[in-house]
Amino acid sequence: MSKKSRRDFFKSAGLASAGLVVAATPASASSVAHLPDNAQLGMLYDATRCVGCKACMAACKRVNATPGGLAFEQAPFDQDGLWDAPEDLSGDTRTLIKLFKNASTWSYIKYSCMHCQKPSCVSVCPVSAMTKDPQTGIVDYSKDVCIGCRYCQVACPFNIPKFQWDRTVPRIVKCDLCRDTNLKDKGIPACAETCPTGAILFGKRQDLLVEARARLKEHPESYVRHIYGEHEIGGTNHLYLAALPFAQLGLPTLPSEAPASFSEHIQHTIYKGFIAPIALYTSLCCIAVRNLKKGEAHPAPASTGEEDT
Amino acid sequence: MGHDQFQKQEGRILTTSFFVLLSLSLLGIILIAVRCVRGIGAVSNMSDGYPWGIWIAYDVATGTAIACGGYAVAILVYIRNHMRYHPLIRSCILTSMFGYGLAGFSVMIDLGRPWNAYNFFVPSKWQVNSAMFEVALCVMAYSTVLIIEFLPAILYSLETSRWRRLQMIMTSLQPIFAPDKEAVLGKIGYVRAAAAWLRPRLDRVLIFIIVLGITLPTMHQSSLGSMLLIAATKLHPLWHSPLLPLFFLINCIYIGYSIAILESVISSYAFRRPFEIRQLSGLAGIIPWLATLWLAVVVGDLSWRGQLGAVWKFDLYSCFFLLEFALLGFGSLILFSNRNRHSPRWLFVSAALIVLGGALYRFNVYLIGFNPGQGWSYFPSLAEVMISVGIVAIELLGYQVLVKTVPVLPRIGLHPHPHAQPFCVPAVPSSPLTP
Amino acid sequence: MNKDSRRLGELPRREFLKLCVTATAMMGLPFRMHSQVAAAAQSGARPPVIWLHFQECTGCSESLLRSSHPTVSSLILDLISLDYHETLMAGSGAQAEQSLHESMAANRGKYLLVVEGAIPKAQNGIFCKVGGKTAVELLREAIPGAAAVLCIGTCSSFGGIQSVGPNPTGAVGVRDLVTDRPIVNIPGCPPNPYNFLSTILYYLTFKRLPELDALGRPKFAYGRKIHEHCERRPHFDAGRFAQTYGDAGHAQGYCLYKLGCKGPATYANCSVQRFNDVGVWPVSIGHPCIGCTEPDILFKLPIAEKVQIHDPTPFDSYASANLKERGKGPRPLTTGIVGLAAGAVIGAGIMMAKKLPNASPSQAGETHDHEQEE
């Protein structure tokens, strides 16, 4: 019988697996630098131009209600069901205007899917219900494939995908740039089409960046000197300009590495070509069969060896 | 399989604990029906900030680790070739089978659109970047493997059982309902013959299935850790590390051994059998080294990522980290003593501490250390808890019933045949119906 | 003569053009079309109009009499040839009936038929007879030769007040009797005269009927709900309502939804076009809209009954960007029960640990465990 001590076995096993994983890291600096595709479609929301009219919210719900499964949200004080008053993005609301206000200043802020360049939701969805269109860059959701596992909700750094917790047949709800509705019929998302002040601009990411930089240059005193979404987690297609720090407006401070790049790097290193699992299975089979044959050739003798093997 | 190493636990099936577990199971099933009709939000406190609650953190992540007894002991028996642990293997496989089966059942309840789950088998929909994709396919494959691994025990029972209970039921039925005795016995004969045909053939290829049953958990238990790699901005840096897959792998192995010890001690105590100290002390000897390795890698990883300071902050996260560390550390410390390793009491205590600590680690990663920001909070609702409790009750119920109908537990007073080996086919009584 | 009764031809050019531009805008046409409208108005070709009255209060004709641009005199003297109108025509009796038949015969296929009032069908239509003929017969005679059929008022469009249950006379609108040709409905009780006049002007300019909605109403006048172009909408959006007539909210001019305003369900342009050339309409003076252009609202729903809002729009306040406390956190009951259960399990574990033997049985030399090591 093998005299290898248990200690040695676990040492080697542990080292082997640790080595395997360490080889996968550090993922931060050396992960494949994902250059943003600036030909993709996006939106630029300029909080300084938003007057809080909420026409975008009304247009979005009107246009996307039927295929999108949206509903109107009744406020608790509203007994007659007169208004649509969502407090947050939800299983019925794809876009929302919120107000940030403190003692000295205020700003409106619009929330909707950021249509990231390297979306976490697309990376984690096991059945490809979340997909990113390579041309338009739109991150789309298909309820016909979705299993409702809500991994996309775990993954999204902005907490955008919302789930319909109150429905018997639930789905995930998020902005899809009106891909099957207004964008298809009129070439522009409903919110951008309706916005009366031009706070929401729609177009190619490169054009939006040019416009955003021009605004920062012409009126540096009106803005925080940062285009939110330009570099955050690898870049997003939904860009923001504002007069107040973005963290105050509910947009999280994020590093420039996409979490999806980080996790995919590790996952690929371990499972590349399925080599490691097959190698593991093969070597374990060899050991086990050999042990078996040993057992058949040498039936159990009197007790030998340490008690505590 | 060395069938003579196992025995059926004699005893009434309809005990008090049977009925208690049955009521908990029924309550769980009723709540599951409510969930199906009124939606997940009606029974659970999960929200858009915390889309995964205890059904994932416990039933899936922790439950499958607890079900890793089969995996951990199989490594010892078939790879390390320690046949003296073989008597434990069936009980562990049974627990594993239930554990994984019920994890799968929990997933079906947790999923919002389970009817689309067939997409896991549609190649055009495969999204191989997703850790969950790997976990799902691997767990489904492993559950199948576990059933196949347990099949020999069932086949042996089918072959050798005297079908006493069935005959009792048949004679006690009213004449109108009682089936034709000859016909039933004839069918039992077919079943017996089929089992006799299948068992030796299965025994021949079983080793390859068993090794698959060691490879697959290695993959998916580590992937359960990989699942949280994506939450770089939400999982607290005390736990978010590129080594998450490795942590989860080591974690499931020491939990596996601890659960094997725990379940053996509790079984022996509950069914008034002698404690299997020889095997358990062996397992208990492995654990301290695994735990030390674990704690060393944890500390090393924290220091390499510059997060040692976070350990001593004594905020919520630091406290739970220290608690997990303490449970594991103290539990394994106990087992460094040879005397403790031979004491049922200390085996029980340390195994319980380690299972708690290991489970807490998984809870910390999936739930407690997970903070989506923006004021979100989560605590399971009563209905949510009772569904999980109901599922565990079903598992315990099934275990109880099966050990009393199929030879699973190690035989007491075992004198192994001089040529004892895993796959010998023992002599089968020639007349199965003789009492 | 005073300004209000001047004929088209007497208007100064500038005022005439202003009139045409206003009419063009009212019809929802692009500005550049005002020259076409002016040309048609000046063309001098005056199409014949036959105006039939049935079960009506003559309010629609009265409403028309209050228009000022153009005035009724301009209308009937310059724009159209009003060959039959029981209220306005000079003749009466057999003479009037004769001119009706002569006009219908002479202008067959060319006259505009305007119908005011509902048509009773019960008992062979005997409840309304003019000159010995039932309304049904009169309509049936007039329809074939009409180039276009305009129903002015809710009564002729949809049946009106006499058609409200139990409807003893079997009163119906023209649309229930004439199904084989397009009918323009200009409902209202009474309708805004400019809706009618603009339709006529549109027809004169383009020789076709304007775009109609599913109920046959011209979209340029009935294309929007009152709720969508009401001056009190900001009060609705902000939740400022009059709760009862004469209360402080009512005095402040707040939204009349709670008093039963049917604006959210009524397609009309009263809030924009307004009445009597003094810029008033019911809501502006504090009375809720009664939905008089809708077949299912006027006289069918109580005035004070609130309508349901089918497409709610956002409320006039904002969710805070720094929303605290989202999601469902710990509740005392659940935490308590879970804590108790956890305590019970831990307690049971401790008790069990106490009951387990401390020493290993094998140290006493157990007899049954002679397992062989490989």
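Letters A, B and C name the chains as they come in the text, with residue numbers starting at 1 for each one.
Assume a residue touches a chain if its C-beta (ideal position, glycine included) is under 8 Å from a C-beta of that chain, and two chains touch if they have at least 3 such contacts.
Remember, it's a predicted structure, so these values are computed and weren't measured experimentally.
A.B. asks: Report which interface contains more C-beta contacts, comparing B-C against A-C.
C.D. replies: Top pair by contacting C-beta pairs is B-C.
A.B. asks: Comparing centres built from CA atoms, which chain ends up most distant from chain A?
C.D. replies: Result for max centroid distance from chain A is chain C.
A.B. asks: Averaged over CA atoms, how far is the centre of chain A from the centre of chain B? Could you give it in whole Å?
C.D. replies: 32
A.B. asks: Roughly how many whole angstrom separate the Cα centroids of chain B and chain C?
C.D. replies: Centre separation, chain B to chain C: 66 Å.
A.B. asks: I'd like the Å distance between the centres of chain A and chain C, where a centre is the mean of that chain's Cα atoms.
C.D. replies: 45
A.B. asks: Give the residues of chain C that touch two or more other chains, as numbers and ranges in rising order.
C.D. replies: 323, 326, 371-374
A.B. asks: Out of chain A, which residues touch more than one other chain, so two or more?
C.D. replies: In chain A, the residues touching two or more other chains are 1, 88, 250, 295, 300, 309.
A.B. asks: Which residues of chain B are in contact with two or more other chains?
C.D. replies: In chain B, residues 46-49, 81-83, 278, 281, 374, 376, 416 touch at least two other chains, as defined above.
A.B. asks: What residues of chain A sit close enough to touch chain B in their complex?
C.D. replies: 1-2, 6-7, 9-11, 14, 17-18, 21-22, 24-27, 88-90, 120, 122-129, 143-151, 153-155, 157, 159, 161-171, 250, 252, 254-255, 257, 259-260, 262-264, 266-268, 270-271, 277, 280-281, 284-285, 287-289, 291-292, 294-296, 299-300, 307-309
A.B. asks: Please give the residue numbers of chain C that touch chain B in the complex, ascending.
C.D. replies: 323-331, 333-335, 337-338, 349, 352-363, 366, 368-374
A.B. asks: Across the complex, what residues on chain B touch chain C?
C.D. replies: Against chain C, the touching part of chain B is residues 45-50, 81-84, 265-266, 269, 274-275, 277-278, 281, 339, 342-346, 348-349, 352, 374-382, 385, 412-416.
A.B. asks: Can you check the complex and tell me which residues of chain C touch chain A?
C.D. replies: Within the complex, chain C touches chain A at residues 236-237, 239, 257, 306, 308-309, 311-315, 317-323, 326, 371-374.
A.B. asks: So in the complex, which bits of chain B are touching chain A?
C.D. replies: 36-42, 46-49, 51-52, 78-83, 110-114, 116-117, 119-120, 122, 125-134, 136, 207-208, 210-212, 214-215, 218-219, 222, 226-234, 242-243, 245-246, 249-250, 278, 281-282, 285-286, 289-290, 293, 297, 338, 341, 370, 372-374, 376, 416, 418-423
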